[in-house]
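Worksheet: the structure to be examined is printed underneath.
Going in written order, the chains are labelled A, B, C, D, E and F, and every chain counts its residues from 1.
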Amino acid sequence: MGSRIDEFEAYRERMNKRVLESGHLGIKRFFRLDGAAYEAGALDARTKELLGLVASTVLRCNDCIDYHLIQCVKAGYTDEEIHDALNVALIVGGSIVIPHLRRAYETLDLLRKSP
Amino acid sequence: MGSRIDEFEAYRERMNKRVLESGHLGIKRFFRLDGAAYEAGALDARTKELLGLVASTVLRCNDCIDYHLIQCVKAGYTDEEIHDALNVALIVGGSIVIPHLRRAYETLDLLRKSP
Amino acid sequence: MGSRIDEFEAYRERMNKRVLESGHLGIKRFFRLDGAAYEAGALDARTKELLGLVASTVLRCNDCIDYHLIQCVKAGYTDEEIHDALNVALIVGGSIVIPHLRRAYETLDLLRKSP
Amino acid sequence: MGSRIDEFEAYRERMNKRVLESGHLGIKRFFRLDGAAYEAGALDARTKELLGLVASTVLRCNDCIDYHLIQCVKAGYTDEEIHDALNVALIVGGSIVIPHLRRAYETLDLLRKSP
Amino acid sequence: MGSRIDEFEAYRERMNKRVLESGHLGIKRFFRLDGAAYEAGALDARTKELLGLVASTVLRCNDCIDYHLIQCVKAGYTDEEIHDALNVALIVGGSIVIPHLRRAYETLDLLRKSP
Amino acid sequence: MGSRIDEFEAYRERMNKRVLESGHLGIKRFFRLDGAAYEAGALDARTKELLGLVASTVLRCNDCIDYHLIQCVKAGYTDEEIHDALNVALIVGGSIVIPHLRRAYETLDLLRKSP
């Protein structure tokens, strides 16, 4: 996998651990609730990842976009489907989203190249 | 249908017509592109409405939320599915989303009551 | 109390009840976590209300501002203290905050007039 | 002038007075700085009103949009010029801007009808 | 030209090409519409670049700010004029804009130094 | 002190100087007003730093978060108090704040390690 993504995942894991070990109960519960929001419920988990991707893109958060792209690839979405979801985000959020679109395409290419 | 929604739809239609008749080519093309973004492509139209709803909710736009709720109901989503999508938006966007969540529930109730 | 605030509180209570009764566990837990975030912890509850007010103001949510103003008045803050907090929000968030500043002053005046 | 705009201007004037009379020096200075930002400098005042309009539109603040539309009409901009500026805001900010675009067109029509 | 800007422009060109070659018609059309929004219409192209700069600054997107600064320099704006536009963005958007203001000044200095 | 923070402070100081020396009176006055907003008034300076931290976190600006963390540490806040303030920001702003939470914890750890 591309080293930028490896670094992101290592940093994310290390700092999430740091945050959770700091012992704030509210933060710990928020993280659990965040994880649970993407588990299958009335909607299936696969659909929810796409919702997370589009929400992250219109709010313009690169780390969140990368995280949800990783999940979307794991969930088996094709590039065409992911591009189609990103197009919705682009229309809703406008040209200010374009730098994040470029980055999302780069991340997706890195994810597809990885063994 | 609840009168708040009737009024919104009438205002939306009247002013969209006004905007499009003003003759700005760029705006006209944007509106067409906006419509096309929710048509079936690599993703089906039904899924895209849900993406539009979540994007509108995290960006906290009541008119956009109402519009996509109308579309989601037309697309056959159950209340449970819509609540599950709104929960993703709530987790991503935080408590600042709650006033829009209250409003979305009210809109959904109005839509279900309509003949 | 001013009727605008009465109406807001009645609507908020009624729709929160509606949202919670819809039975989505994630949403229910988020509401509980939201309430808990303002309870005394390492910081006292009084300080946290002020944090909630400033966060709501820079994010420009009138309902959230009104809610936290009600709490700040209950917590015993003077007008001068609340204005000083709103000034921080104004500097951080810029002139786009001004319409919410006008509204916050109006809400505060309504709250002070109520018996 | 349309009564919605009259009401907005009366409310704006009354509450700005209220805010300024509350005696917070920082807020008073911010208001003065805000006024000064639109006076002629390296750029002329006319151009600056258009900048204020576009900034208000991409940040999606109806009161700010209305205020700058009033100023843009006073500065002598034609409808075509204002629509062209709003188109830039629409492209930058995306479809989430559309409800504010509808409202801006309505405000502009009200302003043109007034004696 | 400063290497940070060279790198940005090379990355932007390479990834825009990648995005456009992926074949999503909606995205392709959005890019064309985005380009067209800055061409002369009722407003001249020069004024529109300034609108793009201020919109990008209040929305706090460094890549967008850099892009529009490059265009503003090409359009012949002086530093004083650009600073005056950035001041409008600072007042509208508040101190949260300051990190982007520092960066914009740095970019502008790099652009002026280039042969 | 951790080198990332040293670099940030050096860059911040150098570029603030550059911005102020450019001679735009409005920008200069805004910087002065920004500084004054955190001085003791009706609220003490210590409380205002916490307001600045939470405002910066919900608006998701890393540089602003780092700056206010430095000030909060100088003002004598414990880690537990800062985590409790960040929890309010997390609840208000949602999971989109999490990347900034990770970064804030890292910055705080760097600040505590410095001699």
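Note that a residue touches a chain if its C-beta (ideal position, glycine included) is under 8 Å from a C-beta of that chain, and two chains touch if they have at least 3 such contacts.
Everything numeric here is computed off the predicted structure, so don't read it as measured data.
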Kindly list the shared contact partners of chain B and chain E, in label order.
A, C, D, F
Rounded to the nearest 5 degrees, what angle rotates chain C onto chain F on CA?
180
Same or different, please, for the chain B to chain F contact, judged on whether over half of the interface numbers appear on both copies.
same
Which chain has its C-alpha centroid farthest away from the centroid of chain C?
E
Going by residue numbers, if over half of the contact pairs line up, that's a repeat, so tell me which of B-D, C-F or B-E repeats A-C.
B-E
Averaging only over C-alpha atoms, locate the centres of chain C and chain D and give their separation in whole Å.
27
In angstrom, rounded to a whole number, how far apart do the mean CA points of chain C and chain E lie?
37
Geometric centre distance via CA averages, chain F-chain D, whole Å
31
Scan chain A for residues touching two or more other chains and write them down.
24, 26, 30, 33-34, 37, 41, 55-56, 58-59, 64, 80, 83-84, 87, 90-93, 95-96
Touch graph across the chains, line, ring, star, complete or other?
complete
In the complex, the residues of chain F that touch chain B are 58, 90-97
For the complex, which residues does chain A have touching chain F?
11-12, 15-16, 18-19, 22, 24, 26-27, 30-31, 34, 55-56, 59, 61, 63-64
The answer for chain A against chain B in the complex is residues 33-34, 37-38, 41-43, 47-48, 50-52, 54-56, 58-59, 64, 78, 80-81, 83-85, 87-89, 91-93
Show which residues of chain E lie in contact with chain F when the two form their complex.
60, 79-80, 83-84, 86-87, 90-91, 95-96, 98-99, 101-103, 105-106, 109
In the complex, chain F touches chain D at residues 24, 26, 29-30, 33, 36-37, 41
